[in-house]
Structure formats: C-alpha cells, structure tokens
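Below you'll find the structure, written out as structure tokens, and then a few comments.
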Amino acid sequence: MSITPQIEPLAKIKSKRMIKLLTSGKRLDGRGLLDYRKIEIKNGVIEKAEGSALVSLGETKVLVGVKIETGSPYPDLPNQGALTVNAEFVPLAHRYFEPGPPDENSIELARIVDRGIRESGAINMESLVIIPGRLVDVVFVDIYILNHDGNLIDASGIAAISALLNSKLPVYRVNESGEAEKTEEYNPLPIRDCPIPVTLAKINDKIVLDPSLDEENTASAKLTMTFTKDGKICAIQKSGIGTFTLQEVIEAQKIAREKANEIRKNFFREWI
Amino acid sequence: MRMFERRQLVTPGELLAEGDYIAGENTYKEDNKIYSQKLGLVDFDDKKVFVVPLRGKYIPKVGDVVIGQISDVSLNGWSVDINSPYKAILSVSDVTGKAFSPKLDSLTKILGIGEIVIGKITAFDRSRDPTLTIKGSGLGRVSDGLIVNLTPTKVPRLIGRKGSMINILKRETGCEIVVGQNGRILILGKNPKKVELAVKAIKMIEEQAHISGLTDRIKSFLRAGRGE
Amino acid sequence: MVTVQKLINEEGLRVDGRRLDELRPIRMEVGLLANADGSAYIEHGKNKIIVAVYGPKEAQPKHVSLHDRAVVRCRYHMAPFSTDERKSPAPSRREIEISKVVREALEPVIFTEYFPRSMIDIFIEVLQSDGGSRCAAITASSLALADAGIPLRDLVVGCAVGKVEGKLVLDPSDIEDKLGEADMPIAFIPVLGKISLLQMDGMFTEEEFIKALNMAKEACMKIYALQKQTLKEKYLQVEKEVRESLTLKE
C-alpha cells in the first residue's frame, strides 16, 4: 500500500533561501537552473561482475553491477534473452533507508531504469539465445545506491547503461547431446542504443535539472524522460504529488532531450 | 455571474459563480471564480455562494452535543469514538470531579470500553484531538436505549428550524430522543412500537432530508403510524 | 508458427472496430458499497474496477500521520482472476508502482490540509483487467472520493494514448498495449488544467508525444463529462424534488 511519505522538512531559512535564489535563476550550490552537478563515471570497478560502473552525480553515488546467467526465456518471447533490473536502497546510503525488502521508491526506480533500457532496445535481446525456446542469457542489472543526495534515477540510468556497455557475454557451445556448455570465451554484450534518463523537478513553478536531495524534498513533483540516441522518448515518469501543465511538460521535454544529448556528447561519444 | 440556480446539484470542481461573490461553505475561490468542493446542492445567500453537501464525515465543533462510544482507557482518561476522523478525549477529572488516584480508582469500573456517553465538545482546533465533557444537564453515561445512525450532513434536518422537527418527533412518539451532531441518535421509549416508529421517521428524514415540506410529511406519517 | 495480426485494417479501423481516436465504452456507478464512506465502479472497455474510500479517519498506525494534513493511502490490486492467466494475489512490483503513481495522481485534488493527522484510504480492486486499467482506476477513485464527501478541487480523469503500427491510437485495449509500440497513460485535472499522472513506455518522437498529450487531454474531457453525469444521476431525484418544492414555496 502506498502512503503519503513523511518528508523531513528543511530548515525554514534554507528553503526560503532556496526559493529566493531560484527566482533569480540560481541554486543553493551555485548551479544554474539547468546545470548538472559534476558527473563522474568509473567503469569496470567490480571484476567478478560481467559489467559494472560507479557513477557520481555530485554527492550521489550509485554502483551498478551486471551479472549474466542462463535461464528460460519468457514464455511469450521464446527467442529473446531476458532482462531483470533491481534496485537496492542499502542502509549505508542514507539515514532514511532501512534494511528490508524493496519499498515503492526502489521498485519505481528499478522500473524506470528497466523501461529505458527495454523500450530503447538497448540490448540486442535476439542475440542472447543459446538454445531457441529453451535457454537464453538473462541479464541482471543490479542498482546499488551508495550515497543518496537526490536524483537517483539519472545516476542509476547512466550507471546502468555504462555497465551494460562494458559487459562481457559468456560464450556457450551446444554439444552433441544438445546441452549448453560454458566456454572460456567472452564476447561484448551486444548493445544497440544508449538510453539516457533526464530528471527535472518543479519547485514553486520553477523547473530545475538534476535536483539535489534538499531540492527533491522541497519540490512538488519530478519528471523523468529517457531518450534514445535518435532523440526519441522511450520512457516517462512523473512522480510526487504535484502537477504539471501541458505546456510545462512539453517544455520540459525539449530541455530534457537537449540535456540527454549533452550527456551523450560528454560521456558516450560513440553514441551521437 | 451565477452559473447555477438555487439548489441545483453540483459536483466537485464545478464553477458556481464568477465575479464579486464570497466563497461560503464547501466551495473555494480561485481567480475570482468560485468552485464547488463537494457533491451537493448549491445555494446563494446574497453574495455568498455555498454548497449543502450530500455526503461527508462529522467534524467536531466546540459546543456540539455528540454521542460517543468509549474505545480506549488510558492512565488519565478515556478515548471516545465520536464517528469522526478524530477521537475525543474525556479526562478523569471531568467524570469523577476529583483528582484520579490509581490506587483507589479503576477507570474501567467508572466507564468501560463500549459504553455510550452523551458529551459536549469543549475544545477542538484540528491540531489536537477534541476534548469532551459529560458534565451538564442532559449529558452523561447512557445505560439504556437504541442508537440510530444518520448521515451527519443531515442532522440539521432532523432537528429542524428551532427544533421544530425533533420536537414533533418527540411529541408524536412520546420517546425521549437525543440528537448527537455526529449523526448518532439515541432513542429512549417504553413502548417498542413507538420506538420503532421513531426509527422509521428518522430513516425517512435520512432519505428525504433535502426536500422541503418534510415536516408535514413526517407529521402525517407519525400520526398515521400512531393510529395503527 | 507466428501469425502476424494486423491491428489496424485498410479502413483505418482497429481490432475492436474503433476509429483511431475513439474511446471504448465506459460505464460508471457510485455509492454501491454500504460499508465504505464512498465507493465507485467503472467498466472501461473490458476493465471492471471497484473502488472504496474510507475516511478521513483516525490515522493508523499513528506514527504515519502528518501534523498539517491528512495522509492518503492507496492500494491498487488485481484479483487473481482478473487476467488471462491466474495472477498471484501477492502485490507484484507493477501493482506497487501503480499504487504509488495513482496516489500521486489523486492527492493534488484533495484538500488534505482540512484534516491534519487523519488518514484517507483508497482501495482499488481490479476485478477484470484490460488496457489502461490504472487510468480507469483513477477515474473511478475520484468518483469514490466525491461520493465520500471529501472536499476536492476537482475530479481526476485518466486516459491513455498508444501507438500501433506507427499510428497514435486513443485508449488502447489489452492487445494494442501488448503488441503496440508505445503506451502513455495520463491523468488530467480539468479545472486546474494540470497533469497529475504521466508515464510512458515505448517509442515516441517529439511530434508524436505532443500530439498524444493533446489526444489524451481531449479524451479526458469527454470522460469528465461522464463522471459528472454519473455523480448527478445518483442524486437527480433529490434535486428534482428539492427544486419542485422550492418553486411551490416561492
């Protein structure tokens, strides 16, 4: 059951200052309304994973590990590999986080990242079939939040695609009795697109990019849009109890598309 | 400009009036426009626009007489269910008139869980639970009778203008009737047939609350019922 | 053997005979559950959804309450028999996410500030599912809230737009959602002109996105008229008698 969350209120003078600064186009940390915090991507940080990436977005830190195993295909998609995205809000990332099964926020995060990857067709699922209808590669994308300072979606989405881009795919050989045997060889995981999620938050009718945690706690709503390399929208999610006008949504979409391109230009040059 | 005539049915969000009007009960104003907050009947009182709701919960008001049911006992008083989003607090000193001594007194012996009280709201501002008193004439513990529930928004109709309706009900049935503003009605009567008649009349008011001429209909209904 | 099913025929009609911009049949009802403070039922296409609202009531457990407003709880749940194959009654990840976004779609219209420390429960049971069940659930939930007499800024309306064989289609059904290229559910608050739910998965160009938004909004206005009619029909007799007696008196 979903319930109105209890949000720790910001110190009054801080939120007052935040809102005052916003009207003059500035933010508490000195950024402009449509600036990202500093983005860093470290690839291949976990050797035992088939792929991995550690992304920092300001103080937000997200680690994504990709494990690739074998399994049965989905019954309705017998000739495709499978993808599973999961997010863990581990307690070390913030005092808000409690150990336990995933709550609605981590489920929502995982599903937004999942939709971006799946709907963009980023992974060539048809090439992940080992024995048609019986055995396929299953790609597990596990999102680990290490430090939460807002905008987990963008950090997770960037980390997920980075990890997939450096993932290696184990090669299987089907023997005479029709059984699959793992070889020592690896191929790169076949990737066809580079989906980038961009999140905007609405604070007092101002739209800001890449909200910090303080900003998220003050914002009435957020809007995340994920774009393919061709600038098409492949996933959208509005969250929070605020609302957007039609015009705001259309404008947000233009900003987000531009920002997704900017990220690709800076970090995924081969995907422009 | 009025968008509706008096007592037309309106739904939440419907534009009721535009321009120089005052937003009354169950309406809200934005950009000089007045909208309904509830499903109900719109009405106008000079410049005031308001909506008489058809449905809704009882919200305590200071001075209201309510009928409550003891739902919990704590160290220094009782928690009373008054059919509202907020439980009322009844303190020990209000009931016993003296300081409570945990050694000598047992609160559950004075008022047990499930017991019914007639009380009056003494304080409430939504930031704290309402407080209740059961001291005063007509208030106190209820040991007998029948409780009937009525939609709280319809209580004013049961009472009638200056008590006209409830007085007819009492007179014609010979029952003692206590109306809680929270939609709980206590009926006390020796004759079970007359009690039943009172219950039926209250149900009739529930169904026809918003129709005028109700007083006369209830009167003839009760007289016919008595004649049987 | 895979048979490729065409979802739009030569005449531009869809599998169920609708035009691209046509809604499925919609039927609604309010006040059908005696125990709930408010209730509503909707049939939208093959969707059959029942909603109950309880509250405002005492917040339980107490520690979840907020000092300045009512908290809203929402549960979107699918009956095991609501789908082609039996669905486990345990809430799936999809249902957990939908419970959240539906709550967030409804909360903006509720005057929660009138009832600090209290709780409003919205229980949605999908008895039979079809495409656009979260949208139909939102449409019905706002009716149930109104039926409970909870003060609202407006009703909330849900509708989706999909993409099938390269064309935008209004209010996609189950099969169009499954085989189509995109699905974008929205919830719209007509009086405020605001969007309170917006999700999408699939593939839209900018042009398609803007067109789809407007299509969904227009359809929401049509459903909004039906919502108001449903609420009024229930009490039409009351209004008629009241107004008759009023003219007699004056």
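Note that the chains take the letters A, B and C in the order they are written out, and that residue 1 is the start of every chain.
Keep this in mind: a residue touches a chain if its C-beta (ideal position, glycine included) is under 8 Å from a C-beta of that chain, and two chains touch if they have at least 3 such contacts.
Quick caveat: nothing in here was measured; it's all calculated off a predicted structure.
Note: the chain lying farthest from chain C is B, by mean C-alpha position. Think of the whole protein's Cα atoms as having one middle point; the chain whose own Cα middle lies nearest to it is C.
The centroid of the Cα atoms in chain A and the matching centroid in chain C are 28 Å apart.
Taking each chain's centre as the mean of its C-alpha atoms, chain B lies 33 Å from chain C. Taking each chain's centre as the average of its CA atoms, chain A and chain B sit 53 Å apart.
Taken in their complex, chain C has these residues touching chain B: 37-38, 55-58, 67, 70, 109, 111, 114-119, 146-155, 190-191, 227-228, 231-232, 235-236, 238-239, 241-243, 245-246, 248-249. Of all residues in chain B, only 5-9, 11-15, 26, 28, 35, 37-39, 41, 53-57, 85-87, 126-127, 153, 208, 210-213 touch chain C in the complex they form.
Residues of chain C touching chain A in their complex: 64, 66, 69, 71-75, 93-94, 96-97, 99-104, 107-108, 112, 184, 189, 192-206, 209-210, 213-214, 217. The residues of chain A lying in touch with chain C in their complex are 1-4, 6, 102, 104, 107-108, 110-111, 115, 118-120, 221, 223, 228, 231-246, 249-250, 253-254, 257.
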